[in-house]
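Next up, some structures in C-alpha coordinates.
In what comes next, subunit A is part of two complexes: it sits with subunit B in the first one and with subunit C in the second one.
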Partner chain A sequence: MANTYTAIATVTATTSVASLAFTSIPATYTDLLLKISTRSTYSANFSRARLQINSLTTGYNNRLVYGQGTTTSSASSTDYITFFYSTGSTATASTFANTEIYLPNYTSANAKSASSDSVTENNATEAFLALAAGLQTSTAAISSLTITDANAGDFVQYSTATLYGIKNS
Partner chain B sequence: MPITYEPIATTTLGSNTASVTFSTIPGTYTDLVLVSFPKRTNQSDAAIFAYPNSDTTGNLASNTAVYGDGTSASSNQRSNSNGVRIGVIGLGEAGTQIAQFMNYANTNVFKTVLSRENRAEEYTFGVVNLWRNTNAITSLLIQVSNASDFASGSTFTLYGIKAA
Partner chain C sequence: MPTKLIVDCSTGLSTEVELTAEEVAQREADAVTYAAQKALDDAEAQAKADAKASAEAKLAALGLTADEIAALN
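For the complex of A and B:
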(Lines of atoms letter the chains of each structure in order from A and count residues from 1; the text may use other names and numbers.)
(Lines give C-alpha, C1' and ligand atoms only; values in the text may rest on other atoms or scores of the structure.)
Protein backbone atom coordinates (compact mmCIF):
# COMPACT_ATOMS: atom_id res chain seq x y z
CA MET A 1 0.00 0.00 0.00
CA ALA A 2 1.30 3.42 -0.94
CA ASN A 3 2.62 5.75 1.72
CA THR A 4 0.49 8.79 0.94
CA TYR A 5 1.44 11.21 3.70
CA THR A 6 5.10 12.26 3.59
CA ALA A 7 6.98 14.96 5.48
CA ILE A 8 8.76 17.12 2.89
CA ALA A 9 10.50 19.56 5.25
CA THR A 10 10.30 21.24 8.64
CA VAL A 11 11.40 24.79 9.38
CA THR A 12 12.11 25.72 13.00
CA ALA A 13 13.03 29.20 14.21
CA THR A 14 16.21 29.01 16.27
CA THR A 15 15.89 32.73 17.01
CA SER A 16 13.25 35.30 16.10
CA VAL A 17 12.77 35.29 12.33
CA ALA A 18 10.77 37.38 9.90
CA SER A 19 9.49 34.42 7.90
CA LEU A 20 9.18 30.66 7.66
CA ALA A 21 9.71 29.50 4.10
CA PHE A 22 9.74 26.40 1.92
CA THR A 23 11.45 26.47 -1.45
CA SER A 24 11.99 23.95 -4.25
CA ILE A 25 8.84 22.05 -3.31
CA PRO A 26 8.82 18.84 -5.38
CA ALA A 27 5.95 18.34 -7.81
CA THR A 28 5.59 14.65 -7.00
CA TYR A 29 2.52 14.83 -4.74
CA THR A 30 -1.15 15.56 -5.31
CA ASP A 31 -1.84 17.87 -2.36
CA LEU A 32 0.15 19.80 0.24
CA LEU A 33 -0.56 20.14 3.96
CA LEU A 34 1.09 22.69 6.23
CA LYS A 35 1.07 22.33 10.01
CA ILE A 36 2.24 25.49 11.74
CA SER A 37 3.01 26.45 15.35
CA THR A 38 3.79 30.14 15.79
CA ARG A 39 4.13 32.92 18.32
CA SER A 40 4.79 36.50 17.24
CA THR A 41 6.80 39.32 18.75
CA TYR A 42 3.90 41.66 17.88
CA SER A 43 2.74 43.36 21.07
CA ALA A 44 -0.82 42.11 21.47
CA ASN A 45 -2.60 38.92 22.47
CA PHE A 46 -2.62 37.84 18.84
CA SER A 47 -1.26 38.69 15.45
CA ARG A 48 -2.40 37.76 11.98
CA ALA A 49 -0.07 35.68 9.84
CA ARG A 50 -0.28 35.13 6.09
CA LEU A 51 0.76 32.63 3.46
CA GLN A 52 2.25 33.65 0.13
CA ILE A 53 2.64 31.35 -2.87
CA ASN A 54 5.58 31.52 -5.28
CA SER A 55 6.32 35.04 -3.92
CA LEU A 56 3.25 36.36 -5.74
CA THR A 57 1.80 39.65 -4.52
CA THR A 58 -1.39 39.79 -6.60
CA GLY A 59 -4.14 37.40 -7.68
CA TYR A 60 -5.31 36.43 -4.20
CA ASN A 61 -8.74 36.31 -2.61
CA ASN A 62 -9.77 34.95 0.77
CA ARG A 63 -12.56 34.80 3.34
CA LEU A 64 -12.09 34.32 7.09
CA VAL A 65 -14.62 33.64 9.85
CA TYR A 66 -13.52 33.76 13.46
CA GLY A 67 -14.49 33.97 17.10
CA GLN A 68 -12.31 35.37 19.84
CA GLY A 69 -14.22 34.58 23.01
CA THR A 70 -16.95 37.21 22.93
CA THR A 71 -18.00 37.82 19.34
CA THR A 72 -17.80 36.28 15.89
CA SER A 73 -16.84 38.17 12.77
CA SER A 74 -15.57 37.80 9.22
CA ALA A 75 -12.86 39.40 7.14
CA SER A 76 -11.33 39.22 3.68
CA SER A 77 -8.30 40.39 1.77
CA THR A 78 -6.63 40.20 -1.62
CA ASP A 79 -3.01 40.27 -0.45
CA TYR A 80 -2.29 36.57 0.20
CA ILE A 81 -3.91 33.16 -0.26
CA THR A 82 -4.90 32.77 3.34
CA PHE A 83 -4.40 34.40 6.66
CA PHE A 84 -4.54 32.92 10.08
CA TYR A 85 -3.68 33.69 13.69
CA SER A 86 -0.46 33.66 15.62
CA THR A 87 -0.20 34.07 19.38
CA GLY A 88 1.07 37.57 20.24
CA SER A 89 3.71 38.58 22.76
CA THR A 90 1.26 39.57 25.51
CA ALA A 91 -0.60 36.25 25.48
CA THR A 92 0.15 33.62 28.10
CA ALA A 93 3.88 32.84 28.01
CA SER A 94 5.11 29.80 26.08
CA THR A 95 1.77 29.55 24.29
CA PHE A 96 1.89 29.03 20.53
CA ALA A 97 -0.90 29.17 17.95
CA ASN A 98 -1.63 26.10 15.86
CA THR A 99 -2.69 26.14 12.23
CA GLU A 100 -3.36 23.61 9.50
CA ILE A 101 -3.53 24.65 5.83
CA TYR A 102 -4.56 22.25 3.05
CA LEU A 103 -3.61 23.03 -0.58
CA PRO A 104 -5.06 20.53 -3.08
CA ASN A 105 -3.91 20.00 -6.67
CA TYR A 106 -0.92 22.26 -6.17
CA THR A 107 0.72 21.29 -9.46
CA SER A 108 -2.41 21.58 -11.61
CA ALA A 109 -2.93 24.17 -14.34
CA ASN A 110 -5.93 25.52 -12.43
CA ALA A 111 -6.10 28.32 -9.89
CA LYS A 112 -4.89 27.21 -6.46
CA SER A 113 -7.11 27.07 -3.40
CA ALA A 114 -6.53 26.66 0.32
CA SER A 115 -8.46 25.70 3.42
CA SER A 116 -7.06 26.70 6.80
CA ASP A 117 -8.04 26.18 10.43
CA SER A 118 -6.25 28.15 13.11
CA VAL A 119 -6.38 28.54 16.90
CA THR A 120 -4.63 30.63 19.52
CA GLU A 121 -4.93 30.22 23.26
CA ASN A 122 -4.58 32.67 26.09
CA ASN A 123 -5.34 32.24 29.78
CA ALA A 124 -7.38 35.43 29.66
CA THR A 125 -9.83 37.02 27.30
CA GLU A 126 -9.13 37.18 23.57
CA ALA A 127 -8.10 33.88 22.07
CA PHE A 128 -9.00 33.06 18.50
CA LEU A 129 -10.52 30.23 16.49
CA ALA A 130 -10.50 30.98 12.77
CA LEU A 131 -11.50 29.21 9.55
CA ALA A 132 -10.41 30.54 6.17
CA ALA A 133 -10.82 29.92 2.44
CA GLY A 134 -8.13 31.06 0.01
CA LEU A 135 -7.57 31.42 -3.70
CA GLN A 136 -4.64 32.29 -5.95
CA THR A 137 -5.48 32.62 -9.63
CA SER A 138 -2.03 31.65 -10.91
CA THR A 139 -1.96 28.43 -12.91
CA ALA A 140 1.71 27.76 -12.15
CA ALA A 141 2.61 24.87 -9.87
CA ILE A 142 3.30 25.84 -6.28
CA SER A 143 7.06 25.61 -5.78
CA SER A 144 7.50 27.86 -2.75
CA LEU A 145 5.52 28.92 0.30
CA THR A 146 6.33 31.82 2.62
CA ILE A 147 4.73 32.54 6.00
CA THR A 148 5.05 36.05 7.41
CA ASP A 149 3.47 38.12 10.15
CA ALA A 150 0.91 40.60 8.81
CA ASN A 151 1.74 43.10 11.58
CA ALA A 152 5.47 43.09 10.82
CA GLY A 153 6.30 41.06 13.90
CA ASP A 154 8.81 38.22 13.93
CA PHE A 155 8.15 34.58 14.72
CA VAL A 156 9.85 33.74 18.00
CA GLN A 157 12.24 30.89 18.71
CA TYR A 158 10.59 27.44 18.60
CA SER A 159 8.01 28.51 16.03
CA THR A 160 7.79 25.67 13.52
CA ALA A 161 6.18 24.78 10.21
CA THR A 162 6.12 21.33 8.64
CA LEU A 163 5.13 20.72 5.03
CA TYR A 164 3.63 17.36 4.08
CA GLY A 165 3.01 15.94 0.63
CA ILE A 166 -0.08 13.81 0.07
CA LYS A 167 -0.48 11.36 -2.81
CA ASN A 168 -3.89 10.23 -3.99
CA SER A 169 -2.62 6.91 -5.35
CA MET B 1 5.59 2.97 11.60
CA PRO B 2 2.21 1.75 10.32
CA ILE B 3 0.71 3.54 7.35
CA THR B 4 -2.49 5.09 8.65
CA TYR B 5 -3.58 7.42 5.84
CA GLU B 6 -4.34 5.66 2.58
CA PRO B 7 -6.07 6.62 -0.68
CA ILE B 8 -9.11 4.44 -1.35
CA ALA B 9 -10.18 5.92 -4.69
CA THR B 10 -9.85 9.08 -6.74
CA THR B 11 -11.90 10.52 -9.59
CA THR B 12 -11.07 13.33 -12.00
CA LEU B 13 -14.03 14.13 -14.20
CA GLY B 14 -13.36 14.08 -17.92
CA SER B 15 -16.72 15.64 -18.78
CA ASN B 16 -19.59 17.39 -17.04
CA THR B 17 -21.17 14.87 -14.67
CA ALA B 18 -24.29 14.90 -12.48
CA SER B 19 -22.92 12.81 -9.63
CA VAL B 20 -19.89 10.97 -8.32
CA THR B 21 -20.12 7.67 -6.45
CA PHE B 22 -17.59 5.90 -4.28
CA SER B 23 -18.85 2.34 -3.99
CA THR B 24 -17.70 -0.74 -2.11
CA ILE B 25 -15.87 1.30 0.52
CA PRO B 26 -13.94 -1.19 2.67
CA GLY B 27 -14.80 -1.26 6.36
CA THR B 28 -11.18 -1.61 7.39
CA TYR B 29 -10.50 1.98 8.40
CA THR B 30 -11.60 4.07 11.37
CA ASP B 31 -12.46 7.31 9.56
CA LEU B 32 -12.83 8.53 6.00
CA VAL B 33 -11.62 11.83 4.55
CA LEU B 34 -13.08 13.14 1.30
CA VAL B 35 -11.04 15.90 -0.39
CA SER B 36 -12.91 17.58 -3.24
CA PHE B 37 -11.95 20.27 -5.71
CA PRO B 38 -15.27 20.74 -7.51
CA LYS B 39 -16.14 23.08 -10.35
CA ARG B 40 -19.62 23.92 -11.52
CA THR B 41 -21.26 24.26 -14.92
CA ASN B 42 -23.98 26.80 -14.27
CA GLN B 43 -25.66 29.19 -11.84
CA SER B 44 -24.06 30.27 -8.62
CA ASP B 45 -23.69 29.06 -5.08
CA ALA B 46 -25.10 25.73 -4.06
CA ALA B 47 -24.25 23.14 -1.46
CA ILE B 48 -22.72 19.76 -2.20
CA PHE B 49 -24.25 16.79 -0.41
CA ALA B 50 -23.05 13.24 0.18
CA TYR B 51 -25.68 10.54 0.47
CA PRO B 52 -24.35 7.64 2.57
CA ASN B 53 -25.29 4.28 1.07
CA SER B 54 -27.16 6.26 -1.63
CA ASP B 55 -29.93 7.12 0.86
CA THR B 56 -31.63 10.05 -0.89
CA THR B 57 -35.03 9.76 0.82
CA GLY B 58 -34.51 8.92 4.50
CA ASN B 59 -34.32 12.45 5.92
CA LEU B 60 -31.73 11.19 8.40
CA ALA B 61 -29.25 14.07 8.28
CA SER B 62 -28.94 17.30 10.23
CA ASN B 63 -26.23 19.94 10.27
CA THR B 64 -25.08 23.11 11.99
CA ALA B 65 -22.86 25.59 10.18
CA VAL B 66 -20.85 28.67 11.02
CA TYR B 67 -19.76 30.83 8.12
CA GLY B 68 -18.36 34.16 7.05
CA ASP B 69 -18.59 36.16 3.85
CA GLY B 70 -15.75 38.58 4.52
CA THR B 71 -18.00 41.11 6.24
CA SER B 72 -20.06 39.29 8.85
CA ALA B 73 -20.26 35.90 10.54
CA SER B 74 -23.39 33.84 10.91
CA SER B 75 -24.71 30.38 11.71
CA ASN B 76 -27.57 28.17 10.58
CA GLN B 77 -29.02 24.76 11.30
CA ARG B 78 -30.94 22.25 9.24
CA SER B 79 -32.77 19.17 10.49
CA ASN B 80 -34.23 16.10 8.75
CA SER B 81 -32.31 16.66 5.56
CA ASN B 82 -31.57 13.91 3.09
CA GLY B 83 -27.90 14.55 2.49
CA VAL B 84 -24.79 15.19 4.52
CA ARG B 85 -23.45 18.61 3.63
CA ILE B 86 -19.82 18.41 2.47
CA GLY B 87 -19.10 21.43 0.29
CA VAL B 88 -20.05 24.68 -1.40
CA ILE B 89 -19.79 25.37 -5.11
CA GLY B 90 -20.35 28.28 -7.45
CA LEU B 91 -19.31 29.79 -10.70
CA GLY B 92 -15.68 30.81 -10.87
CA GLU B 93 -12.70 29.02 -9.43
CA ALA B 94 -12.95 25.78 -7.50
CA GLY B 95 -12.42 25.77 -3.76
CA THR B 96 -11.06 23.22 -1.33
CA GLN B 97 -13.70 21.02 0.35
CA ILE B 98 -12.67 18.60 3.10
CA ALA B 99 -15.12 16.25 4.85
CA GLN B 100 -14.26 13.81 7.62
CA PHE B 101 -16.59 10.86 8.21
CA MET B 102 -15.94 9.68 11.76
CA ASN B 103 -16.42 6.03 12.79
CA TYR B 104 -18.05 5.35 9.44
CA ALA B 105 -18.04 1.56 9.86
CA ASN B 106 -19.08 1.46 13.52
CA THR B 107 -22.56 -0.10 13.64
CA ASN B 108 -23.14 1.03 17.24
CA VAL B 109 -23.21 4.77 16.60
CA PHE B 110 -24.82 7.38 14.39
CA LYS B 111 -22.26 9.00 12.11
CA THR B 112 -20.70 12.43 12.58
CA VAL B 113 -19.30 14.27 9.57
CA LEU B 114 -17.15 17.41 9.94
CA SER B 115 -16.70 19.51 6.84
CA ARG B 116 -14.70 22.56 5.83
CA GLU B 117 -16.21 24.23 2.80
CA ASN B 118 -14.44 26.97 0.93
CA ARG B 119 -15.28 29.36 -1.82
CA ALA B 120 -12.69 32.07 -1.36
CA GLU B 121 -14.47 34.64 -3.52
CA GLU B 122 -17.57 34.47 -1.31
CA TYR B 123 -17.66 32.24 1.78
CA THR B 124 -15.92 29.92 4.18
CA PHE B 125 -17.93 27.39 6.20
CA GLY B 126 -17.33 25.05 9.11
CA VAL B 127 -20.08 22.43 9.35
CA VAL B 128 -20.92 19.56 11.67
CA ASN B 129 -23.33 16.93 10.33
CA LEU B 130 -25.11 14.01 11.94
CA TRP B 131 -26.41 11.03 9.96
CA ARG B 132 -28.86 9.22 12.21
CA ASN B 133 -28.16 5.68 11.08
CA THR B 134 -26.04 2.95 12.62
CA ASN B 135 -25.39 1.20 9.30
CA ALA B 136 -21.78 1.14 8.17
CA ILE B 137 -21.18 3.53 5.28
CA THR B 138 -20.23 1.38 2.30
CA SER B 139 -20.85 3.91 -0.46
CA LEU B 140 -21.11 7.66 -0.96
CA LEU B 141 -23.19 9.34 -3.65
CA ILE B 142 -22.12 12.97 -4.17
CA GLN B 143 -24.34 15.56 -5.86
CA VAL B 144 -24.92 19.31 -6.07
CA SER B 145 -28.01 20.33 -4.14
CA ASN B 146 -30.01 21.64 -7.09
CA ALA B 147 -29.03 18.82 -9.45
CA SER B 148 -26.67 20.80 -11.66
CA ASP B 149 -23.52 19.10 -12.95
CA PHE B 150 -19.99 19.00 -11.70
CA ALA B 151 -17.77 20.41 -14.45
CA SER B 152 -15.00 18.58 -16.25
CA GLY B 153 -11.78 18.76 -14.26
CA SER B 154 -13.44 18.42 -10.85
CA THR B 155 -11.53 16.05 -8.58
CA PHE B 156 -12.66 13.87 -5.67
CA THR B 157 -10.39 11.68 -3.55
CA LEU B 158 -11.45 9.41 -0.70
CA TYR B 159 -8.88 8.49 1.95
CA GLY B 160 -9.08 5.97 4.76
CA ILE B 161 -7.55 6.61 8.18
CA LYS B 162 -6.70 3.84 10.62
CA ALA B 163 -6.61 4.48 14.35
CA ALA B 164 -3.88 1.85 14.70
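For the complex of A and C:
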Protein backbone atom coordinates (compact mmCIF):
# COMPACT_ATOMS: atom_id res chain seq x y z
CA MET A 1 0.00 0.00 0.00
CA ALA A 2 1.56 3.25 -1.11
CA ASN A 3 2.06 5.66 1.73
CA THR A 4 4.37 8.35 0.36
CA TYR A 5 3.82 10.76 -2.49
CA THR A 6 6.60 12.98 -3.82
CA ALA A 7 6.01 15.63 -6.47
CA ILE A 8 8.77 14.94 -9.00
CA ALA A 9 8.00 17.73 -11.45
CA THR A 10 5.25 19.97 -12.77
CA VAL A 11 4.87 21.30 -16.27
CA THR A 12 2.51 24.17 -17.10
CA ALA A 13 1.81 25.53 -20.55
CA THR A 14 2.49 29.27 -20.85
CA THR A 15 1.04 29.23 -24.36
CA SER A 16 -0.70 26.58 -26.44
CA VAL A 17 1.47 23.51 -26.93
CA ALA A 18 0.98 20.23 -28.74
CA SER A 19 2.41 18.07 -25.97
CA LEU A 20 3.50 18.10 -22.36
CA ALA A 21 6.39 15.79 -21.54
CA PHE A 22 8.39 14.48 -18.61
CA THR A 23 11.89 13.18 -19.29
CA SER A 24 14.64 11.66 -17.14
CA ILE A 25 12.09 10.23 -14.72
CA PRO A 26 14.04 8.80 -11.78
CA ALA A 27 13.79 5.05 -11.17
CA THR A 28 13.73 5.48 -7.39
CA TYR A 29 10.00 5.06 -6.76
CA THR A 30 7.57 2.17 -6.77
CA ASP A 31 4.72 3.70 -8.77
CA LEU A 32 3.99 6.89 -10.69
CA LEU A 33 0.90 9.07 -10.51
CA LEU A 34 0.17 11.74 -13.08
CA LYS A 35 -2.35 14.46 -12.26
CA ILE A 36 -3.43 16.45 -15.29
CA SER A 37 -5.54 19.54 -15.91
CA THR A 38 -6.02 20.26 -19.59
CA ARG A 39 -8.11 22.14 -22.08
CA SER A 40 -7.74 21.59 -25.82
CA THR A 41 -8.03 23.87 -28.82
CA TYR A 42 -9.94 21.07 -30.58
CA SER A 43 -13.35 22.36 -31.66
CA ALA A 44 -15.74 20.23 -29.61
CA ASN A 45 -16.95 19.99 -26.02
CA PHE A 46 -14.17 17.51 -25.28
CA SER A 47 -11.16 15.97 -26.91
CA ARG A 48 -9.56 12.60 -26.42
CA ALA A 49 -5.91 12.60 -25.39
CA ARG A 50 -3.24 9.98 -25.01
CA LEU A 51 -0.30 9.04 -22.89
CA GLN A 52 2.85 7.89 -24.65
CA ILE A 53 5.50 5.92 -22.76
CA ASN A 54 9.20 6.18 -23.61
CA SER A 55 8.30 7.66 -27.03
CA LEU A 56 6.96 4.26 -28.11
CA THR A 57 4.41 4.28 -30.93
CA THR A 58 3.42 0.59 -30.86
CA GLY A 59 2.75 -2.14 -28.29
CA TYR A 60 -0.28 -0.53 -26.67
CA ASN A 61 -3.69 -2.00 -25.83
CA ASN A 62 -6.50 -0.09 -24.14
CA ARG A 63 -10.01 -0.49 -22.82
CA LEU A 64 -12.26 2.44 -22.00
CA VAL A 65 -15.72 2.97 -20.55
CA TYR A 66 -17.24 6.40 -20.67
CA GLY A 67 -20.25 8.56 -20.08
CA GLN A 68 -21.04 11.29 -22.56
CA GLY A 69 -23.96 13.54 -21.80
CA THR A 70 -26.82 11.09 -21.24
CA THR A 71 -25.22 8.07 -22.91
CA THR A 72 -22.65 5.49 -21.84
CA SER A 73 -20.46 3.30 -23.95
CA SER A 74 -17.10 1.60 -24.24
CA ALA A 75 -14.20 1.48 -26.63
CA SER A 76 -10.90 -0.26 -27.19
CA SER A 77 -7.82 0.68 -29.10
CA THR A 78 -4.16 -0.02 -29.73
CA ASP A 79 -3.48 3.66 -30.36
CA TYR A 80 -1.25 4.63 -27.43
CA ILE A 81 -1.99 3.93 -23.82
CA THR A 82 -4.76 5.02 -21.51
CA PHE A 83 -7.06 7.42 -23.18
CA PHE A 84 -8.12 10.39 -21.20
CA TYR A 85 -10.00 13.56 -22.03
CA SER A 86 -9.53 17.30 -22.18
CA THR A 87 -12.21 19.91 -22.12
CA GLY A 88 -12.63 21.13 -25.70
CA SER A 89 -12.72 24.64 -27.08
CA THR A 90 -16.53 24.84 -27.39
CA ALA A 91 -17.12 23.97 -23.72
CA THR A 92 -17.67 26.66 -21.12
CA ALA A 93 -14.83 29.17 -21.26
CA SER A 94 -11.89 28.77 -18.90
CA THR A 95 -12.89 25.29 -17.76
CA PHE A 96 -10.42 22.44 -17.70
CA ALA A 97 -10.64 18.66 -17.44
CA ASN A 98 -9.24 16.72 -14.50
CA THR A 99 -7.38 13.44 -14.95
CA GLU A 100 -5.40 11.01 -12.86
CA ILE A 101 -3.25 8.30 -14.40
CA TYR A 102 -1.66 5.63 -12.21
CA LEU A 103 1.31 3.60 -13.40
CA PRO A 104 2.30 0.84 -10.97
CA ASN A 105 5.69 -0.90 -10.97
CA TYR A 106 7.06 1.41 -13.64
CA THR A 107 10.62 0.11 -13.34
CA SER A 108 9.74 -3.59 -13.56
CA ALA A 109 11.03 -5.83 -16.33
CA ASN A 110 7.48 -6.74 -17.27
CA ALA A 111 4.89 -5.07 -19.46
CA LYS A 112 3.61 -1.77 -18.04
CA SER A 113 0.02 -1.13 -17.07
CA ALA A 114 -1.81 2.11 -16.45
CA SER A 115 -5.26 3.16 -15.37
CA SER A 116 -6.91 6.53 -15.58
CA ASP A 117 -10.00 8.43 -14.61
CA SER A 118 -10.88 11.61 -16.38
CA VAL A 119 -13.69 14.14 -16.38
CA THR A 120 -14.26 17.20 -18.51
CA GLU A 121 -16.10 20.29 -17.39
CA ASN A 122 -18.89 22.00 -19.28
CA ASN A 123 -21.83 24.03 -18.02
CA ALA A 124 -24.22 22.23 -20.36
CA THR A 125 -25.85 18.83 -20.81
CA GLU A 126 -22.81 17.28 -22.45
CA ALA A 127 -19.68 16.68 -20.44
CA PHE A 128 -17.56 13.59 -20.51
CA LEU A 129 -16.14 11.16 -18.00
CA ALA A 130 -14.07 8.07 -18.61
CA LEU A 131 -12.33 5.19 -16.90
CA ALA A 132 -9.59 3.49 -18.84
CA ALA A 133 -7.00 0.78 -18.47
CA GLY A 134 -4.07 0.18 -20.75
CA LEU A 135 -1.02 -1.91 -21.36
CA GLN A 136 2.36 -1.24 -22.97
CA THR A 137 4.28 -4.40 -23.78
CA SER A 138 7.75 -2.89 -23.37
CA THR A 139 9.81 -4.33 -20.52
CA ALA A 140 12.01 -1.24 -20.20
CA ALA A 141 11.61 1.01 -17.18
CA ILE A 142 9.51 4.09 -17.81
CA SER A 143 11.83 7.07 -18.15
CA SER A 144 9.64 9.46 -20.12
CA LEU A 145 5.94 10.24 -20.43
CA THR A 146 4.29 12.45 -23.03
CA ILE A 147 0.67 13.56 -23.14
CA THR A 148 -0.77 14.73 -26.44
CA ASP A 149 -4.17 15.67 -27.79
CA ALA A 150 -5.37 12.86 -30.08
CA ASN A 151 -7.13 15.25 -32.47
CA ALA A 152 -4.05 17.30 -33.35
CA GLY A 153 -5.33 20.05 -31.09
CA ASP A 154 -3.10 21.91 -28.66
CA PHE A 155 -3.26 22.13 -24.89
CA VAL A 156 -4.06 25.73 -24.05
CA GLN A 157 -2.25 28.06 -21.68
CA TYR A 158 -2.51 26.99 -18.00
CA SER A 159 -2.89 23.33 -18.90
CA THR A 160 -0.73 21.58 -16.37
CA ALA A 161 0.52 18.17 -15.33
CA THR A 162 2.28 17.06 -12.16
CA LEU A 163 4.14 13.78 -11.88
CA TYR A 164 4.28 12.13 -8.46
CA GLY A 165 6.55 9.33 -7.40
CA ILE A 166 5.14 6.87 -4.87
CA LYS A 167 7.06 4.59 -2.54
CA ASN A 168 5.67 1.85 -0.36
CA SER A 169 8.15 2.57 2.41
CA MET B 1 5.14 24.82 -36.04
CA PRO B 2 3.52 23.03 -33.04
CA THR B 3 5.65 22.84 -29.95
CA LYS B 4 6.25 20.45 -27.07
CA LEU B 5 6.87 21.56 -23.50
CA ILE B 6 9.38 19.27 -21.82
CA VAL B 7 10.35 19.16 -18.17
CA ASP B 8 13.56 17.34 -17.27
CA CYS B 9 12.79 15.56 -14.01
CA SER B 10 16.48 15.42 -13.07
CA THR B 11 16.82 19.20 -13.14
CA GLY B 12 13.27 20.52 -12.97
CA LEU B 13 13.99 22.73 -15.96
CA SER B 14 11.37 23.17 -18.68
CA THR B 15 12.11 23.77 -22.34
CA GLU B 16 9.74 24.36 -25.24
CA VAL B 17 10.85 22.84 -28.51
CA GLU B 18 9.29 22.63 -31.93
CA LEU B 19 7.99 19.24 -32.98
CA THR B 20 10.15 17.54 -35.54
CA ALA B 21 8.73 16.91 -38.99
CA GLU B 22 8.43 13.26 -38.01
CA GLU B 23 6.48 14.16 -34.86
CA VAL B 24 4.18 16.45 -36.82
CA ALA B 25 3.52 13.68 -39.33
CA GLN B 26 2.84 11.26 -36.47
CA ARG B 27 0.49 13.75 -34.82
CA GLU B 28 -1.49 14.16 -38.02
CA ALA B 29 -1.59 10.41 -38.60
CA ASP B 30 -2.76 9.90 -35.02
CA ALA B 31 -5.59 12.37 -35.56
CA VAL B 32 -6.72 10.43 -38.64
CA THR B 33 -6.53 7.16 -36.68
CA TYR B 34 -8.50 8.67 -33.84
CA ALA B 35 -11.18 10.01 -36.17
CA ALA B 36 -11.59 6.58 -37.75
CA GLN B 37 -11.72 4.89 -34.33
CA LYS B 38 -14.24 7.42 -33.06
CA ALA B 39 -16.44 6.82 -36.08
CA LEU B 40 -16.42 3.10 -35.28
CA ASP B 41 -17.15 3.75 -31.60
CA ASP B 42 -19.99 6.12 -32.46
CA ALA B 43 -21.48 3.66 -34.94
CA GLU B 44 -21.31 0.86 -32.38
CA ALA B 45 -22.94 3.02 -29.71
CA GLN B 46 -25.68 4.07 -32.13
CA ALA B 47 -26.31 0.45 -33.13
CA LYS B 48 -26.67 -0.52 -29.47
CA ALA B 49 -29.07 2.37 -28.85
CA ASP B 50 -31.11 1.45 -31.91
CA ALA B 51 -31.29 -2.20 -30.86
CA LYS B 52 -32.37 -1.21 -27.36
CA ALA B 53 -35.11 1.07 -28.68
CA SER B 54 -36.29 -1.64 -31.05
CA ALA B 55 -36.39 -4.24 -28.29
CA GLU B 56 -38.33 -1.91 -25.99
CA ALA B 57 -40.83 -1.16 -28.75
CA LYS B 58 -41.40 -4.88 -29.32
CA LEU B 59 -41.86 -5.48 -25.60
CA ALA B 60 -44.36 -2.62 -25.46
CA ALA B 61 -46.21 -4.16 -28.39
CA LEU B 62 -46.45 -7.38 -26.38
CA GLY B 63 -48.21 -5.45 -23.65
CA LEU B 64 -45.45 -4.72 -21.15
CA THR B 65 -45.74 -1.40 -19.34
CA ALA B 66 -42.97 1.16 -19.33
CA ASP B 67 -42.17 0.30 -15.71
CA GLU B 68 -41.97 -3.40 -16.57
CA ILE B 69 -39.64 -2.70 -19.48
CA ALA B 70 -37.50 -0.46 -17.30
CA ALA B 71 -37.27 -3.24 -14.71
CA LEU B 72 -35.54 -5.42 -17.30
CA ASN B 73 -32.67 -2.95 -17.78
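Everything below uses one rule, namely that the second predicted complex is superposed on the first by the 166 of 169 C-alpha atoms of A that agree within 3 Å, B and C clash if a C-alpha of one lies under 4 Å from a C-alpha of the other, contacts with A are read in each partner's own complex, and residues count from 1 in each chain.
Basically, contacts are C-beta pairs under 8 Å (C-beta built on N, C-alpha and C of every residue); 3 or more make two chains touch, one makes a residue touch a chain.
Everything numeric in this text was worked out from a predicted model, so none of it was measured.
Going by the contact rule set out at the top, does A:17 touch subunit B (first), subunit C (second), both, or neither?
Once the two structures are laid over each other on A, A:17 reaches subunit C alone.
In the overlaid three-chain picture, which partner chain does A:123 touch, first (subunit B) or second (subunit C), both, or neither?
Neither partner.
Identify the partner contact of A:58: answer first if only subunit B is touched, second if only subunit C is, both if each is, neither if none is.
After superposing on A, A:58 lies clear of both subunit B and subunit C.
Output check: A:25 vs subunit B and subunit C. Expected answer is one of first, second, both, neither. What do you get?
second
Between subunit B (first) and subunit C (second), which does A:146 come into contact with in this model arrangement: first, second, both, or neither?
Second partner only.
Output check: A:94 vs subunit B and subunit C. Expected answer is one of first, second, both, neither. What do you get?
In the superposed model, A:94 contacts neither subunit B nor subunit C.
Pick one for A:114: touches subunit B only (first), subunit C only (second), both, or neither.
After superposition on chain A, A:114 lies in contact with subunit B alone.
One more residue to check, A:73. First (subunit B), second (subunit C), both or neither?
A:73: touches subunit B and subunit C.
Identify which of subunit B and subunit C touches the larger number of residues of subunit A.
With both complexes superposed on chain A, more residues of subunit A are touched by B.
Indicate the residue numbers of subunit A shared between its subunit B interface and its subunit C interface, in ascending order.
Looking at subunit A, the two contact sets intersect at 73, 75.
Quick one: which bits of subunit A touch subunit C in the complex? Just the residue numbers, please.
8-11, 13, 17-26, 48, 50, 57, 71, 73, 75, 77, 79-80, 146, 148, 150-152, 154, 163
Where on subunit A is subunit B touching in the complex?
1-5, 30-31, 61-67, 72-76, 102-105, 110-111, 113-115, 117, 131-135, 137, 166-169
Can you tell me which positions in subunit C touch subunit A when the two form their complex?
Touching subunit A from subunit C are residues 2-12, 14, 16, 19, 26-28, 30-31, 33-35, 37-38, 41, 44-45, 48-49.
What does subunit B use to touch subunit A in their complex?
It comes out as residues 3-7, 10, 35, 37, 66-73, 75, 93-98, 116, 118-126, 153, 155, 157, 159.
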